[in-house]
């Protein structure tokens, strides 16, 4: 295997010949530039140079093997060059943002002082890099939908029952037949390595400890294999599929997933094009201004020619650039049934009509979701859709399992959804925040908190098992409670 | 009787042999550790040492006699040891919180400048220790229910009548046949000694002065006897029962209460498990940080193992650890009728359906309450339940006396509830705040303020007695008034 | 006529013999102490001393003649004593509040920079003494009703019509047959001298300039004669009657009023007892603290004995202490018809039912009012009552003239009320603010602003006279607009 | 041609003989004083002096030729005088506001960092002069209507559909048969030169680049010719007509417009009298105070005589002083049909009834508009009127094209309006802000942003062309979302 010096690599610094160094290995990515989902510009910025620090947190480790043919794996960096790189990195002045994070990480509270998911989120907001926080927390446009997802729960009160035996109380359930300690699962949360070097594996291990199921995103920063490797043998994992526009590539992926042992396919239908997440798009500019000061308008400069070579879709855009934008009930569901025996769940149902269509298409479950408010601004909050579905088409709950995600932060939120007929609820961001701050322990702590809150709510409502919960225990109100913390 | 030195006691500082000193007496609590409702940890923290300062404010004085067998009352502290302890205490540096309280207590306004219950609360918030304020003011989860209890009253306006004679105006009523100067009673408010050394006795004496009835909590920091001792011979007291899970222990307590002269049993059904009162749980941490600075996360430290030996239910948890979680209409009401001739009132009805069940179970009254928002977050505000009950099942008001508590701060709140059919309303926190700040005078002042406000409202609505108030005088509105002070 | 020295007067400084000096005249008020509507304490505070500065702004000049028999008018102050008093006053250190006012009065904006009634109010809030502002702006309890009076208008939008000729536009109307340049009158606003030495006369003169009618309060700080003297011969004034509990005293007053030339009686029925205006009650304490520092609670001091000799009704209480609290439709209206030929209007109707009763009682008009939110907290906003009356009992508008007051600050508010059937609307506080800041010119400016705003609104709605306005031009909405300035 | 010295001009400084200098030319405007729509005072302030700086930004360049007869064009300024003037201007101390603007203009962000219309507005708010910002942003009274126009969109959520092919997505449409790249047009926005020296021409050029239609205001700061000159030959422009009260003057204008090639007449009916825009009226006072300090009330000074010679209608008043206030459906529409063959659209329909009348009058389109909240305070938000029209009179959409303007800031706003039946929507202020900050590029950037947002919303709702959007895709909600940025 060849070995190269920094000088040699440095000569391949253009679109004509573009080499990059990732973890002391040298790759010729010239041909790949055009295919890169995130666009060629971001690669060219590192042409002829080491790109490890920006590449690592947002790509699964096997991405290079899968995307760059072996012939373009040019070999490794020559030892003294590698050494030079190491010294350079060590001497690299930390950015203000890195310094801030380093300091904040030293001042996290002990885990036993985390009482709620919002406590956890508050810690995470201090210790995440600006970029990671922007990616995790961002939502579409003015983030109204994201806020309303959570606020939707405030309009539902309990009609609590008293004088019922609750000393025994069991919050466990099944999802698609698989046991879950509480009616909660991890809803596909991507790019976990942005927040913690072990990434999604933290969630996998924590979910096992807490006895709940993880739905793994196609866009995870670890490969499906790596995540499965982190799982216990007895553990159940689901897969969140972003279907590739090319059916045979998509089929390969599905078959691989099934073979790895994933137990269900959550087909994502609400993110066929990227949402407009301004907070995410703005993030690198803010970090740059913090470091180098603001830049100003120069009439006639390239930036005046609007959208010239500009990435306006942030991280999300790159991730789904090749997804299928032309799925239909008639075509896509039968195709998926054909290539896989796994249960199929539609993730991203946003109105009653589509819930009915999904049930008629014969899927196994539907996840009412607007992608955490990250896609269509003013999509109805999932809790609202659940309520409408219960009122308008209750039969759907008998044909498919119904789940919701979006805005759930408390055990009472979970119990409300179950009252209205949800079999389980998904949480995404809270698990990303938890693993970013405390790794595996943060994840299992999150589950413990939810479990404690769910049991308390169940007992105070007067039920000892989840299937005693019913719509009569919910009273929808028409005033808006004040929630100081929201 | 034996006497002991501090050195001798100090040797019994583990779960194998655990002695503590309370008011210069020595107790062997080794066997009691497992039974302690608040868990063994909190006792072990003081093993081999003096525990008077933490024990006193939250236990009735007779608790030691009742819970620790005489054989474990080991005797008193030897005189020079007792002296040493006294000197130590005198030299103890006051904590920042104690200094703050001491200063604030010197700057309270004169009582005649207290115009409203909120004025009183504002004074109390300054002069209470952090811990006491946290216990009194805390509520479940995000304290939404607590806020909504008060906000519920904002949605009810009066249809005031004019040209009616009101120069004579009488706000008095009866509760279960007992006279009350205004349709208000003290709703079971526990741990009054946290705020004032005389504790619940302040409320008893103030209630007598003001001519209203006190409902005494099972969890009072004075014993039922001590409170009865503070009462006037002619005075009527009710008892708020937290039923012990062991029926015969519970029976003993009920019989004792009846014998002491309490006139009714308010059976608490909304607090069979502790609510999640984060403000209360967090309180010792905040005080500790104030004194000793923040502590930080140390990966691998015991605190990383979530919930290891941690009290997550605050003060409330300890108080109700042995309560009956399996009460039912069929079993519990007949049992209580059997062991007592007193009127039975169910405290903690939270929906119309249970109000009907209670009436059918033949109790004498129901108290619509969600425990001041301290138990189930998103339990409907009692004023809302009262409104629904009036609309949906008005017959209930003819079968049982109906009361509400939660969020009442003004005479107009009281009058609104009476318009909708409440026989009387309970207030809890306001009396705790009042006695904390001004003792007995604070309590009677609170009653005077309410009386004045009730009379003013009655006259301006055009009635001269409470039974002229009726639902037609209420206009429910569907917009939310702005209440700057809430 | 006798003359007295300060020393002589000073000896009569107790309830046994109580003399006071008002404008260099000496009065023996010993016998009057018990009758004083504001209670004896406030007089005794000045026993044996000069009381001019506190007496003047809140009593009409003829009050002494009317209330103190001539035999107790003891004569004048001896010249050198009077001189001494003058020098003392001149040397009196100004209080902080007086200094603030003096400074603020020098920095008022020119009148042509006042664009709206809120501009005017903002100036007034700077230049009024703390006491005057507290009396004018205060409202009952938490001032929710006061806020809601204004907010009620926000729920009514216009269905504006276009393509209608409006180059000619006439906003004039009649009230009880008397011409008014706009459908606006001055609603009884008392104690104008608190804000300006010329008091209510400013309003009288400004109303004449602006062509509108003033309703004069029984509690004006000028006598009805003095106000009539300030009026133009052609000018129409109404009288707001607070009926004395003694029918013959009341009759005397009504006959005097009629004789003076007042043109209608507005019988006040919503203020038979004083409202709980905490801001007003608190005002002297705040001024005192500003000057002399805070005072603190002293256990055992007289202030601990709650409400001992305390004025808990502020200025309002004193003013209406002798009012009739037992008026009825059956008794009071016939009585008033008997003693006067003037039109009778009931001021303070707060619900539809009473509007109907008033119409049936044969009065000439009703003023829907909750006394500017100063009396019953949670009385419905008048605009809301007007809306309900229009929907539920439209026939009432044909039997009596209907007016509203409370919360009106813009021409659009006026036009909305007229659309729903109000013949005219009253404003109180805005005229008090205007005269306090700019005297007569402030009052006429206020009318000009309203006139301009009314005409603009009428034209943009597509009408050229008031009687083209109708309920179809109003669209009630169920969301709450944001009004940053409210 | 004569030439004049500054001294000569200076002698004509009164209403008897009033000369002014505009761009080194001398005009005798004595006879014009009475006709000036903005009143004579503002001209007299510059009598005998150079008025270029205040004249320029708010008058089209041909205004002098049109309004001042050639005989009063007295000639040019003598060369040395002109030179003197130039030097004077150069040495003129910049005002604080000018300095602030100059500084802010140097610190604008690059155009590619502008992600949304609110970003653009935020830049504009920094770089506009106080006067320009006040004119652009001001609205009637308390600006409630202006806020509600935008807030109205928050009450409409989407019922998004999934599993529909959207890889192809076309947001183009036609307006009155003319192509538009997106369902958006520029709604008559006047006085663009206040924000940028090239004024409305920026919008014209940017609209061409973006493929949308500009509606040009009668009150543009460039003449209709000048704007047409800035347009591409193939470009479609509409004209917003403020009809002169004199029919033959109005006819001349219409014929001229048609001849210039404008393609439709938007007849403005909601601005026959000026709205009460306090922010605009106050603007010169604030600038003056900033420069010269506050001025105070002087009793007896001319400013005490309210409204004496005061311009209370701001810029708007001057612009429409001669407009027709007596238009009717019966008279005005037939007149306009007679004098022009162009399509007629009524701009300013504010209720369902008038939409029906307009359709019956046979016009070609209606623009639901309340003039951006600048005219009648509490006129219903256009989005609300659109919703009511769709529910109550859906037939209107088949008879005329329906547009709305007011409060639109996002692609989702546009799509919501199209769902309910709007053929297109207008935006005004956003284009003024964009051209003020970045000229032509700002305008085309604005269109690009909207296009991107519209396409994203369409795809995520599941449609690929605008005519697939329908009312079933809208879910009106009855709670108010929180919109932190509004």
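For clarity, chains are labelled A, B, C and D in written order, and residue numbers in each chain start from 1.
The rule we apply is simple: a contact is a pair of C-beta atoms (placed from the backbone, for glycine too) under 8 Å apart; a residue touches a chain by one contact, two chains touch by 3 or more.
According to UniProt, the chain labels map to these proteins: A, B, C, D = L-lactate dehydrogenase (cytochrome).
These numbers were taken from a predicted model, which means no experiment stands behind them.
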Self-check item: Same-residue or different-residue interface between subunit C and subunit D, half as cut-off
Solution: different
Practice problem: Could you put a whole-Å number on the gap between the CA centroids of subunit B and subunit D? | Solution: 63
Quiz item: Using mean CA coordinates as chain centres, what's the subunit A-subunit B distance in Å?
Solution: 45
Self-check item: Junction residues of subunit D - those touching two or more other chains
Solution: 478, 480
Quiz prompt | Which chain pairs touch, all of them | solution = A-B, A-D, B-C, C-D
Quiz item: Across the complex, what residues on subunit D touch subunit A?
Solution: 106-113, 115-116, 154, 156-167, 410, 412, 416, 438, 441, 444-445, 448, 452-453, 456-457, 459-461, 475, 477-485
Exercise. Would you tell me which residues of subunit D are touching subunit C in their complex?
Key: 141-142, 144, 147-148, 151, 155, 245, 269-270, 272-276, 278, 281-282, 285, 294-298, 301, 303-308, 310, 312, 325-329, 332, 346, 348-354, 357, 370, 375-380, 384, 478, 480
